[in-house]
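Look at the two complexes coming up: chain A is in both, with chain B in one and chain C in the other.
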Partner chain A sequence: MRSAGSTYLRAAGTRLLAGIPVFVLVTFAATALSDLMPGSAAQTILGENATLEQIAALNAEYGYDRPAVIRYLDWLGGLARGDLGYTLFSRQPVAELLVNRAAVTFEIALLAMLVSLLLAIPLAMVSAARAGGLVDSTLSAVTSFLLSIPTFVSVVVLSYVFSIVLRWLPATGWVSPFVDPLGNLMFVALPVLSLSVHQSAYFFRVARSQFAATLQEDFVLVARAKGLSTSYIMLRHALRPSLPQVLTVLGLSMTFLLGGSFIVESYFAVPGIGWTVLNAVKNHDLPVVQAILSLTVVIFVVVFILVDLGYALIDPRVQAT
Partner chain B sequence: MSTLEAHPVSAGEKPLAAPRRLRWPRLTLAEAFSFLFLLLLIAGAIFADRIPGLVRPNFPYGDFSRPPEWSINGLFGTDGLGRSIFSRILHGARATLTIVGIATLISLGFGLLLGMLAGYYRGIIERFVDLFANTVAALPPILVILALLTATGPSVTTMTLALGFLEIGTYARIAKGGVISQYDRDYILAARALGASDARILLREILPNLMPTLAALVPPLMAGLIITEGSLSFLGYGIAPPAPSWGGMIADSTDLLSRFPLLIFGPILTIVCTVFALNTVGDYLSRRIDRREKQL
Partner chain C sequence: MTTLTIKARSGNGTSRSAMLAAAVCLALLAPTAALAQTPTSGGTMTIINGSDIRSWDPAITSGTFPGGPMDVLDAVYGFIVYVNDKGVVTGGMAESLTSEDAITWTLKLREGVKFSDGVAYDAEAVKYNWERVADPATAAPSQAFVAGWASGMEVVDPLTLKITLPAANANFAAQIAELAPFIASPEALKVAKEKSEIKPVGAGAFLLDAWDQDVSVSMKRNPDYWDQPRPYLDTLKFAIIPETNARIATVVQGGATMMAGYPYQFGSNADADGVATKQIPIRGINRAYFNHTKGVFSDVRAREAFYSAIDRGRLMQAFTQMEGFTPPVSYFGTSSQYYDPAYSLPSYDPAKAQELISALAADGKPFEVKIVTYTNSDLKRLAAYVQQVISSYEGASATIEEVDQANLIVRCKQQLEFDLCVEGGVLVSNGAEPNISNLLRSTGNFNWGQYNNPEMDAALSAAASTVDPTAVKAAFSDVQKLVVEDLPLYIFGEQTRYLLLRDNTGGVVNSNGGILQKQFLYVCDAPCVE
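For the complex of A and B:
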């Protein structure tokens, strides 16, 4: 019985090991980005009118005139000390900036996940309980429609409905939840809803097919033969074995949510990671872009390790060690 | 029978033995719409210049922000500068479909090559393909392309190449899996016994068997590319104005949204229908494979 648990733990360990080359590859490519700039990187960053002294100063600090390998080793050394350098123009420590901005994006992403799950799982249960029925076919048609809506469309439509027509929610802006928790919820609502349109449809699809598959199992047949009600079977017998699949998808959707944060944050002027990257792109702020690329990879690896540990939690064959 | 097949749950029933190997399942209403819509869109994109009566996309054709009316140029209204939205949609379709088409060719070509070699020879090349696929899967494509654009500045060429490059891993992984699943089958053994070379086995024996799977995969992945391109254009880093693009048109009309909400209808309808149609066609093609697998 111990074996199931250690399998999941070993899988989590393998993920960590497999994540290392991915991390190295991405962070190195991010360091080498400045070599893609036409002409001298420092010149491009500072613009046409930069003086030679300014260029020399920039090169001295960021080393854009040195080979990418050297710069990468420098960056790794800094990383070990928790120092990611300074942003090019506002001269803020990159690490500090990143922590503040990531918190905002995470709040929105996690809430969007929560809302989508709360919508999708119950509907998927109802739908799978009568596969092929009216509810099921209606919901599957609605889902394929929702899945065709890009985030940049849902953003526009939802803000039109909720802030222009109904005037329920503010169109743009941001308040930290630590300053004004209620106000924060008002500002968070539209970004979260916009991301949830696609997400809930996606979760619904996965959960519905998983529930439908679980309902074909013998133990469900036994439960039905005992005369248990469908809702009882759904909640007590079918829910738990169907969850691992949903958990995997939850991990995968992290990339989608981070990608969606670019649209949502730029449209609603929310100061998160996506918004930061967009500003960095405008200013050629490579240290910021590099740090965010690295952070994204780390998030991805960590999420998948959490997913593996989540399997261990859900699976009743696992004993705590 | 066809109504049952729309629901994968009831897939337990046995299909009747088909006389031909690759029988096309009957189209549902949504699938027929999807094929028709895509055909019209592609035709519209190709012949956008030659449609009689249609004005050029950057031509100020009438008053600004006119609501939709029943004429070819005014079908979806005019935008903030008085340009025909319908004409801009068709020309935007041309730009989008070109970018997405080229990107798909790049990723399909390199992905197939790498994936087939990885599945056939395994070893170091498989490690490499896996590493590449895992790396790309860890990053949202928008982020990677924006990072590239930080260095190169806004450029449609960079975007197209990057879109293609980022999708190589997906196709490679599918091709690899396909080759591995075919590798031990008897017909490969027979080909080898007849003295066929590795190249012949890969290209003439295995490749045709990968085609149906890949054909089902291409449309939804193209839909994903259309969304990524649209997002970048929406953010102002894709197709640069005044050239028409769906994402750019949606971004433009948000400024006038409170006064002229109808003007955003055309671009939104087009992009949602396109993505829906591509996804539906993908589902249809994979339904065809499922059916074939069951018959084998």
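For the complex of A and C:
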């Protein structure tokens, strides 16, 4: 009989292998599709006054006149050597850029997730404990409203209120937490709030329904019969059985947060990977696009592996295979 | 006319009588205070723009949008000569660029100016830079212009460069300011194997400190700048914020010093505390290109019908969501020294439009207009308005194709797949040239619709071939006559750019259509007026 550790390792390995075709497909598509995009790197550099001949010559200098397959194989070779190349214009090492920009996105995503969970879980427990009551109805209505607000609207509203009217928070920009920890929190506040608006409402609704279902279980009725308090039952008996569903949502929410970061980072000019990849696509900076897509695929594969394995850890009825 | 509006800062509990007393004192002191305002050294400013610089190659020049790539290059290299807001060429890094006959030009350089690597900013350095621009291998957008006279350069002495042109060109100095203004250290250019390896080694007011691609460019004061005690600022930053509303919010909140734009974009934010707006008194035109090679607009009657069919004031209102636009009557503004009131663009006349549309249909030329523009909410409104108005005429229709902004030049200039191509920007024409030739000459860079009239080329050449102001004005009068007869462009609006800026920003001097002369910028202790 295998040990639990080796089972988890095997399960993780299987899923990692399944992620390789996804990785190849996505990164190759990025190379191939870049040929279909309007304009070119040379056009971006030389501006609208450049002649077609000048544009073609500079594209050739950058190697953009070669077939997509050759360019892709070149990039894969570089990746195998740990060389992700340099940004097209500023000649920054892409690997260094990737680490710096991903750290920004992860900080915002994790803080947004933390804020959302800290808001949503307690409120969901309160709401589920009084299902059908005034608090439950009010919270459900509020979260329905928040869920209906798209991120591109919430960024504008929050920016207007906190930056223009109240002037409490910076409208755009970024500073490293290692340089200015307090300043960093000020700069990330609006991006985190923007992402949390939707996420906390989403977490609330999922957790509330899960808590409500758990509270109908026999073991909760037994606990109630024993005369245990509602708060004790929620924390000791209902919380853990309700978590697998929340965990699934956490995995999915990571994809939302990464997707949402494109809008939030662009609006608040936060130099994370969403901001970077949008600019890189616009500028035909293919080394940067490839690196960020690769990182995104890896993140998604790893997150879903962790979610799968997390089920098995939390709920003994689920086995890692 | 330069306009600067400043709002009073909000009070915080001051009594009404005290405020009244203060207001009286301020009113009495105001003229003195304005005059007493002297530049102070130190401080930091941040200029916001929507996109980043792509190369430090001094040969890559385009655009005059304040805070844009040319502004960034100017901070490091400095314009060799500027075109000031009156359209007059003035000294920059060079003392002067002058000519008696418009054929032989003399560039006088300043003594003792050095690049930041210690190399002399002399006639040899200028000659090297311009020869490099003329070399097709550099892929400079201005290659054709500079190649036309590069062989006529002669170094007279270290501070004098003589340039003999193949033909008289009275606009040469203005063209240099627009098309080949930046000079970099020849040593820095020689060691770079490709464009992206070029390091910004100039003799301008600032030195590059850090560049985080698509995020910010940070510069520090050049202590060896020739025009001491300028620059006043210790640090100058260019921040990249693509979203217009986010740029505005950043200035209002105090996260940056200034951004450029138009009043309809600023809205009520221009009235916020601590914020001012400053007009850049340089006129620009909103224009669209007619396709002269095929389709309905290859017939001049269709172009006239288009002018007559649409109220251009209403069109600008749809575009900007602001009222009060008067349609331009000429390529030149009515206050321009070249404006000739004898020639006016067709005004709004629906009956005339219908008559022309019907005549075209009778000749087998249905008035079907394909409008090509790029994805942008302002342009969507503009295109939709045109479509709505044109479709209201009998026998006329319009379709809209929206493309990605980067693809507009491909779709219009390169593929000519349009009847009317609307480019959203305002083309600043600080003086007549070089933009008027770029738009109207058969070989012009901005002549996307391929308008071609040898008479127009001849008139533009005549304007360029003399330094006699009367002769220049006469030649530009001919140009206006042809503009009205041929209607090569759809000129639908005229605007000037504005800056939205913190009200303690001093030393705002614009040139070349909007470029900020950053060496003059300084931070005031209180709201300052110039």
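Methods note: the second predicted complex is superposed on the first by the 264 of 321 C-alpha atoms of A that agree within 3 Å, B and C clash if a C-alpha of one lies under 4 Å from a C-alpha of the other, contacts with A are read in each partner's own complex, and residues count from 1 in each chain.
Keep this in mind: a residue touches a chain if its C-beta (ideal position, glycine included) is under 8 Å from a C-beta of that chain, and two chains touch if they have at least 3 such contacts.
Everything quoted here is computed from the prediction, not taken from an experiment.
Once chain A of one complex is fitted onto chain A of the other, the partner contacts of A:W275 are limited to chain C, with no touch recorded for chain B. When the shared chain is aligned, chain B comes close enough to touch A:S137, but chain C does not. When both complexes are overlaid on chain A, the residue A:T172 reaches chain C alone and has no touch with chain B. By the touch criterion defined above, A:S266 lies against chain B and chain C together after alignment on the C-alpha atoms of chain A. In the superposition on chain A, A:L46 makes contact with chain C only, not with chain B. Once chain A of one complex is fitted onto chain A of the other, the partner contacts of A:S90 are limited to chain C, with no touch recorded for chain B.
Look at A:V153: by the touch rule set out above, it reaches chain B but stays clear of chain C. When the shared chain is aligned, no partner comes close enough to touch A:L182: not chain B, not chain C.
Of the two partner chains placed by the overlay, chain B and chain C both lie in contact with A:I164.
Within chain A, the residues touched by chain B in the first complex and by chain C in the second are 37-38, 156, 159-160, 164, 266-267, 280. Partner chain C is touched in their complex by these residues of chain A: 37-39, 42-52, 54, 57-58, 61, 86-92, 97, 156, 159-160, 163-164, 167, 169-174, 266-269, 271, 275-276, 279-280, 282-283. Put simply, chain B touches chain A in their complex at residues 4, 6-10, 30, 131, 134-135, 137-144, 146-153, 223, 227, 230-231, 234-235, 237, 247, 250-251, 254, 257-258, 261, 264, 268, 271-273, 275-276, 279-280.
In the complex of the two chains, the chain C residues touching chain A come out as 52-55, 60-63, 136-137, 139-144, 194-197, 211-215, 239-243, 245-247, 249-250, 252-256, 269, 272, 403-404, 406-407, 409-410, 413-414, 445. Here chain A touches chain B in the complex through residues 18, 21-22, 25-26, 30, 33-34, 36-38, 128, 131-132, 136-137, 140-141, 144-145, 147-153, 156-157, 159-160, 164, 209, 212, 255-256, 258-259, 262-263, 266-267, 277-278, 280-281, 284-286, 289, 292-293, 296-297, 300-301, going by the rule given at the top.
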